[in-house]
Amino acid sequence: MIINFGILGAGRISKIHCHNIYNNQRAKILKIYDPNTKLSKRLARTYKAHATEHDLDIFTDSNIHAVVVGSSTPTHIKYLDLANKYNKDIYCEKPIHLNLKIVDACLKRLKNHKNKIQIGFHRRFDSNHLLLKNKIIQKKFGNIEQINISSRDSSLPPISYLKVSGGIFKDMTIHDLDILRWLLNDEIVEVYAQGAAMIDKKIKTVPDFDTATMILKSKKGILCQLSNSRRFSGGFDQRIEVYCNEGNLNLNNVKKSSIQAINNKEEIHDIYPYSFIERYKESYVRAIDYFIDCIKNNKKPSPGLIDGRNSLAIAEALTESAKKSKSIKVNLNDY
Amino acid sequence: MIINFGILGAGRISKIHCHNIYNNQRAKILKIYDPNTKLSKRLARTYKAHATEHDLDIFTDSNIHAVVVGSSTPTHIKYLDLANKYNKDIYCEKPIHLNLKIVDACLKRLKNHKNKIQIGFHRRFDSNHLLLKNKIIQKKFGNIEQINISSRDSSLPPISYLKVSGGIFKDMTIHDLDILRWLLNDEIVEVYAQGAAMIDKKIKTVPDFDTATMILKSKKGILCQLSNSRRFSGGFDQRIEVYCNEGNLNLNNVKKSSIQAINNKEEIHDIYPYSFIERYKESYVRAIDYFIDCIKNNKKPSPGLIDGRNSLAIAEALTESAKKSKSIKVNLNDY
Amino acid sequence: MIINFGILGAGRISKIHCHNIYNNQRAKILKIYDPNTKLSKRLARTYKAHATEHDLDIFTDSNIHAVVVGSSTPTHIKYLDLANKYNKDIYCEKPIHLNLKIVDACLKRLKNHKNKIQIGFHRRFDSNHLLLKNKIIQKKFGNIEQINISSRDSSLPPISYLKVSGGIFKDMTIHDLDILRWLLNDEIVEVYAQGAAMIDKKIKTVPDFDTATMILKSKKGILCQLSNSRRFSGGFDQRIEVYCNEGNLNLNNVKKSSIQAINNKEEIHDIYPYSFIERYKESYVRAIDYFIDCIKNNKKPSPGLIDGRNSLAIAEALTESAKKSKSIKVNLNDY
Amino acid sequence: MIINFGILGAGRISKIHCHNIYNNQRAKILKIYDPNTKLSKRLARTYKAHATEHDLDIFTDSNIHAVVVGSSTPTHIKYLDLANKYNKDIYCEKPIHLNLKIVDACLKRLKNHKNKIQIGFHRRFDSNHLLLKNKIIQKKFGNIEQINISSRDSSLPPISYLKVSGGIFKDMTIHDLDILRWLLNDEIVEVYAQGAAMIDKKIKTVPDFDTATMILKSKKGILCQLSNSRRFSGGFDQRIEVYCNEGNLNLNNVKKSSIQAINNKEEIHDIYPYSFIERYKESYVRAIDYFIDCIKNNKKPSPGLIDGRNSLAIAEALTESAKKSKSIKVNLNDY
């Protein structure tokens, strides 16, 4: 059986998902909705789908099995509720919402949901991250004692974007938080964060930070460090260090090529991809393919609602910590 | 306009091309032929094409614009002639033939061919190789003074394959020879080769070598070294060193992941892909896409017939050199 | 003029200094003192010096120009005072003392000291660290925006040592703190630390930590991260990341050899030196040679007293922060 | 017992040996001879030795146990004979002589020599080379199947030097030949070489080559490749690849630092040492220390006369091969 998809949103992230669903031999795109019909029509033409003018139309269409939510953050809760009501499996981009209370209310309503819900933490599906996770599971080097994550984007987004982003912790760190929880297989209970405006002082007017450093403690007492910046001269920085009692596992940056040049001053290597789209192209393919797998084989997808919720809870604690310059306990809630 | 393809041969290499043509939005597969109809039918089913029982049917079909020849080596000449006769553009796997005289006769017959002819030296389309070539063209480090190429396969093929392969120089080295000519932008005029049976003494009964080292001199006097083995413990070895008067350019092996593990004895990295199919997956996609480009924009494809012919001429000289243990002049013939 | 040295202490660190002074053509060892005369006699024999039974004898000897203090921490203040009184130049091992108040009182007494005082932060003299500092001074990549330091020893010292060590921050982190201040060319004003007992739970009885993570903020607002562990499976870990507005500078670990092995599973490199003695052998040579330089050319040595004092002040703040789990302001005192 | 040395020659290489003997606690320099007495006097002053005006004086001095020959190549044979006659142990720089017949006559005369003779192939004492040799001896990866060596100097020496050097094979390749024989533990029986003038056409008037590529076959049938150039933009290039049946061992170039810089275009590493003196500083120390060891413990040093002789024999075969462009059998003579 081919899984028929409806797509909500026709922006950058939806384009990626449409491309991957279109090229997945087990799936097909039926309908695309976006309040901007120019965008939805253009996307529909490329991927041989129908551009609908009503989002509800996607949920009521009985030919559609699953939806992908790539629309703006404030719409996510509404679509999660509709997917539950109309029993559509749903792949929902992160974050669920910028406000933890609203997310918690939603989780309560969806407590007994029957549909598949997958949250768009695509990085879990990157081959390097999967290899790392695998080696941790195999306990090749014993037990985890510390995890450090470094994430740096290639450049500062426009202030207009930053104003609706929810701040660096909810917008950017949240991906690291999901990876951290996944690798640790443990919950973060206490955090400390410091933020700074190193790239552009204007960011203080948002108010937000462009640079952040964090210490996070897990339930088992494992100490973790996170380091974020909105700008990395070398392109796109995403590294992980996992210290275990019998050895280390490091996920290094991916180089642009295997070319090494040597002149009379230095040895030179091509640098790292400039954006998550280049570096994580394949992880988006695998994330959707895994979602289709879960639908076809009736498995519960992971990362699910609780992962979206708990990463947001940590991000909220980090935001508060950076504001108050003190340790903050994470509001944990195991559903 | 969509380019309609006919496929000759339904083995391993044709499968790769079918997959890439099927996923190319500018192309479509109409017909597939293989003497083994089981194979052609299975491939036709996967890629929504028709399995024909007569190869000629592909050439006479006026809906077909281009053919891909992935059939056994002895059939290549016949299909090149048919493509010329029926004016089909043709992507022909290497080598054109194992006998230089037969190739030269074919080149004479096709001297005034109007159709596009591309020879399947896919490695030229690998992103790392393209980057290397680009840096050489830009003369970043001045003029080339030496090129060394190392190629090692993951394991020795069965003796049955080796018996029809034409020997290590025509079967394996030929890829390095094409890359060497392409990077040098010069012809090889004199060669010296030594071969050995290091992996399996039985290879002497073919007779063939499993290991070979070569020195090649170009028209401009540039000295090059090649080193081949049928078995590399670390997977698949393909490296190039280009020495220029103001610096070096090296194409290193591609690692399997960006994971680095450290235990109490060593630092460990995941090794190299096990086969050309893993390492050069994208180069096959680009090779076919470039062929389609040439058809649509009426450009002459490169590598063309003369590249297939001249690489074979060098391979023949190497074969003779290894047998006689002396330098051999290459039979050059610039058409 | 040859600089004549007196040595206080005949333990591990004094042995290193004796070896380097003995091999320095501008210096000579005259006398060595240690309360354990077996040790001082053995050292004196090796380096053709005299073992004295009274430490004061070294200060009153008018042939001695300079002293090296490698004795136990509690004796450092006494020897600094004596060196001042008898006008001997002094190279004093870190830390000056474990108690900041006692150090401050000493600094007050020595306010107008005429003798040269160098504190034994040898790492500043490591060729890699010097290169890094140089590139920062040249502003190759603009201004510093973040510095991260990772230091891990090869194994946990015995609990008996840890009991008199002053704790991980004063014993181990202090080296990182000196390097951090030196690279930043700025003072640390506020710190946050978390400690854990990951290697051996017994360390809690000291009480101390074997693992620590820290966030430090400088006067200019630069955020820094430190990560320490008493045990690194891979040997000895000392890495620095310097993020600037136009690029990064990283000091990586030093490999044991340039050998790369490849088997059928992995690529293997020899790991890092097992101790600071292996990795920093040359830095001790340079530190003493620089001290001799300062004496001969009448230059004020750096790192000096204030560097020993301020690094200790940060270490004290870190100790308090880790105990209270909150940010602590550093007691700065610019003499 | 302290070993007393006499030094013949006061040029660049003798300076290195003097420095190392002077700093070796088991040795002392008594006398230094050079036809240029200015040079010998200066060296004698630095290392507290006596500058003699007659080379014979060094051999007849009964206080001298051992001599180091760092004088010009044509004098080596004479000093080997004198060392034999006066029973002095001798460390003689390579090559023994540029003419194989003269070397063979010398070896005949010295057939029953009682003194220790070590030939100055210092590279065998480099820690990376020793590690490589060790791993080969341990058969970690099985049996050797191929060895490739790449050696490139930083720049072309003056034509005046090249005229008396004996040509690239006897002057430069000879070091690689010694390392190759040592690693292989087998003799080279047949060689093929190609030379070129890529750096400076004037070198043809010497006549000599500045660039050379070689294929060498061992008695056991192992194929080896050598690649030499008088100029490497990146500094000093010395790499070895050892292919075994169960894996590879590679000796890579040594980087100048562990600093990695990243800007917005590239990742940059400091390059390789500019000369053998920087890269092999420690190997000269170890070579002399090993020689002293052999004297004190009455062991036969290795590399000895036969190693100097056989490497020269291969170099002669390579010279002839490059001239005639054909394979040449090596004149082997196992004494």
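Just so it is clear, A, B, C and D label the chains in written order, and each chain counts residues from 1 on its own.
Heads up, the rule we're going with is that a contact is a pair of C-beta atoms (placed from the backbone, for glycine too) under 8 Å apart; a residue touches a chain by one contact, two chains touch by 3 or more.
Because the structure is a prediction, the values reported are computed rather than measured.
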Pair with more cross-chain C-beta pairs in contact, given B-C and C-D: C-D
Chain D against chain B, contact positions shared by both copies (same if over half, else different): same
Inter-chain centre distance, chain C versus chain D - centres from mean C-alpha coordinates, in Å: 41
Centroid spacing, where centroids are CA-atom means, of chain B and chain D in whole angstrom: 42
Distance between chain centroids, defined by C-alpha means - chain B, chain C (Å): 59
Sequence positions of chain D contacting 2 or more other chains: 141, 233-234, 246-248, 262-264, 270
Chain-level touch network, classified as line, ring, star, complete or other: complete
Contact set on chain A toward chain B in their complex: 23, 127-128, 131-132, 135, 140-141, 246-254, 257-264, 270
Residues on chain B engaged by chain D in the complex (per definition of touch): 141, 145-146, 148, 152, 190, 192, 194, 196, 198-199, 211-215, 217, 221-225, 227, 229, 232-234, 243-248, 325-327
Of all residues in chain A, those that touch chain D in their complex: 233-235, 255, 262-271
